[in-house]
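Okay, here's the structure, questions in a sec.
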């Protein structure tokens, strides 16, 4: 397995939906501590809608269309801060993949990097601001470092995202709702970093399955 | 001591004020169970105002004036159901005593009976309706039965009122707020019957002192 | 007890100070004795409309003083009827020669205190009539209770009689109109939580996390029955059914539907109740000609709701639509 | 969780159904996607005024749709920003040829979603401007936060821009006026209790019986500091002082003073707060030219209050006095 094919990408998205669903309560609990407690509900509403769309949509059989429909659906169902960020991210992936049949490990890292840039353009968060960026950036770096095997690379990315999400706890939030808490945001993991960890875990499962 | 003199009547009222003050919380607790929880506050507000009035008012040196100022003050400070009832009661006592220097035990029972009639005219409660009437009526009866010694008579009245107040517990309320509870009013003593018991306890203390 | 207050004894005084400061353009407050009165009282040629009752039900009654509604309101201590001297002074302040109409909620204390005030006013040569509200169907109306309580209908009564008085209706006709409204309206309420009277410092009753109290009045007294908490739709059925069947409201009736919050229930929930109430009304063939949704007759911070329905002919609807300009109810002005 | 709801998922839909049923004379509701819109939209020759945000702040924003205020409002799920497709459809529905002005509370999610909607509307050839509210002085405004939150000023902004739009003010001037209002208003809030988001089922934070949370926003997020509960007067000082010193408001300023309830706090307490706020304003030489007291921008059933002050010249006061006819704010019509 050395490419992310449309079939695998579809299984990535669907498995993300499952993981989000299983962890919705946990994501909301994290958000309740330093935000407004809706991150789990937002993400689960969004990815359930995506799953429904994909299951009823045979046309999304190329990467570009698949990611586009994912992005559009997230945009119109998630709301909050994470809606435009995740929605924009997948729309950007869709654009990057418009004319590609499949992605190798290096392509995948490039495409994810472009998505990350879209998140940062929109949200203006820097690494260390205690946001989803803090999980996504090190995950992509780990993916690159892990080499050409997509299974190894995505597993490395998932592990890095998980560790990075945990490592957001000591940070002081500078973006999003958590920033209103100032010092009191310290000691809690960022919910968005945790949903990114689930996204990458689902990617590793999809390619490794 | 065989008469209620103006000095004793004054000490009756002032000692009622003290007893009410000490038992305000208890009266309110009783009212909270089957009413709206303000009987203690109402009575204490009223009798504190009366005490202040009497302490600053040397003119109320005859029974008529004393009871009238008590009634007027209760009327304008107690509010609720008990305000007009206690206020009217004392105004009636004032009228009965207008031209009397002192009351013997039989006079006192007559005067209280007239006051009770005023309460019943205004509130339309019958004995057994679970109101202050249930303490006042048997108290006056006991006073009459006890004979001519005013100390014995008022002590008998106080004891009867206390017992009668306790005996309101099994009754079903038919007047005042407690009547809204229907069957649920059973098992709780009536607050107004309890404040009447304090009133008569104060009377016994005043004559017996 | 968590409240934005300074001390339990000063709650009513300080609230009245705030009310006067905020609405000095429309009303003024007397502090000895307590009453809230239209700034331009007495209004020449108009019957003076007077109401009052225990505090803790805001905006009732003080928030309804102004053109098109009350001329004066007498607030008692929290949940305690006001005293006759208040109504006596307020009555004199609003009497312009055409008499005073008292709107009285049917509670033993209110009735007796207003009766005393009426006697005192009459002794001054002022014509006084009183209208009762006793719309709460939760109370069994029999010889063996103090009768039904006055609840939500009081708000509608004050608006409608206020409009009629403003139009110059004389005292006897106002009294008759009030009696007609009294006979045409019914209410029922429920609570999700109790409330805490400031000077008591503890809740008026206890309710478990899964319980509600049905058939409450507005004085923090416990209701008629305690039940497991259920859905908004079922609760709305539970309130609407006795209201409709008691009057009874009949197919073809025009009604004013009033969904009221008890103080601690947010508007979002009141609209959910309104939705179901409107559906139930439609099912019974009733036409909701006007409505009111909000917290207008409350029990401090109690969470819960009540529903009031009033059968209304075109004349009543015209009175409803007439301009009103008070702190809490305002339109057309 | 004790709420008058049927199920957490249906809270917003059912509330909107109730809102539409109760106010069909003034507004209608689109259910796919969700938005509330003036019944007579688009209003010829008038800039369309659009706002929105998470639900749970009622009557904001849907209760402010009507002549003299908003043309449309987009409700998100409870405490969650609405999505761009809602603002896109609502924007199209209210555009009469003279453009659309968005009023956006400064929260990351709201800003990003409204920005996306503005892009989409512009692609349709509709002129769009946006005005932010970021009046919450509890948030340190620095490069290192998401910036100040938009809170109470949003209500005043919607009223004032609504009046200006109704008078025919063109889009660019409305935007400039909005920016001026943004620069002239400040707020601060506190909570006595947390609130419970329906689908979470447990309180957004915990507060002991003797604690309060100062510097809360309106999303059930914890505030800036937790303190022992104190008196209404001291709390009012604690809210007024930073509001006054931040702008700063200066001796001689005319202001609109808005005392807002968070949803579960009864009116009686808000007037106690107003009383002290007015006293503090007077002490600083400020003239309260207009005021608003009530629960207009809430956090579900949270108990607490916020204070907003807006420096207002005569032109703003005229806009304040202009007729408004919405479910939750109404005068002169």
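Which chain is which? They are A, B, C and D, in the order written, and residues in each are numbered from 1.
Operating definition for what follows: a residue touches a chain if its C-beta (ideal position, glycine included) is under 8 Å from a C-beta of that chain, and two chains touch if they have at least 3 such contacts.
As the structure is a prediction and not an experimental result, all values here were calculated from the model.
The chains that touch both subunit C and subunit D are none; no such chain exists.
With steps allowed only between chains in touch, the distance from subunit B over to subunit D comes to 2.
The greatest centre-to-centre gap from subunit A, using C-alpha centroids, is found for B.
Chain geometry summary: the mean Cα position of subunit B and that of subunit C are 32 Å apart. Subunit A and subunit C have Cα centroids lying 55 Å from one another.
Here the CA centre of subunit A is 76 Å from the CA centre of subunit B. Looking at subunit C, no residue sits in touch with two or more other chains.
Across the assembly, subunit B contributes no residue that touches 2 or more other chains. Taken as a contact graph, with one node per protein chain and an edge wherever two chains touch, the assembly forms an open path, each chain linked only to its neighbours along a line. Contacting chain pairs in the structure are A-D, B-C, C-D.
By the touch criterion stated above, subunit A contacts subunit D in their complex at residues 28, 32, 35-38, 41-42, 45, 75-85, 122-123, 174-177, 179-182, 184.
Note for the complex: subunit D touches subunit A at residues 33, 54, 76-85, 107-109, 112-113, 115-116, 138-140, 144-146, 149, 197, 199-200, 204-205, 217, 219-222, 224. Per the touch definition, subunit C reaches subunit D in the complex via residues 2-7, 11, 14-19, 21-22, 55-56, 58-59, 63, 192-193, 209, 212, 229, 231-233, 235, 263-275, 278, 291, 293, 295, 298, 300-301, 303-305, 325, 327-328, 330-333.
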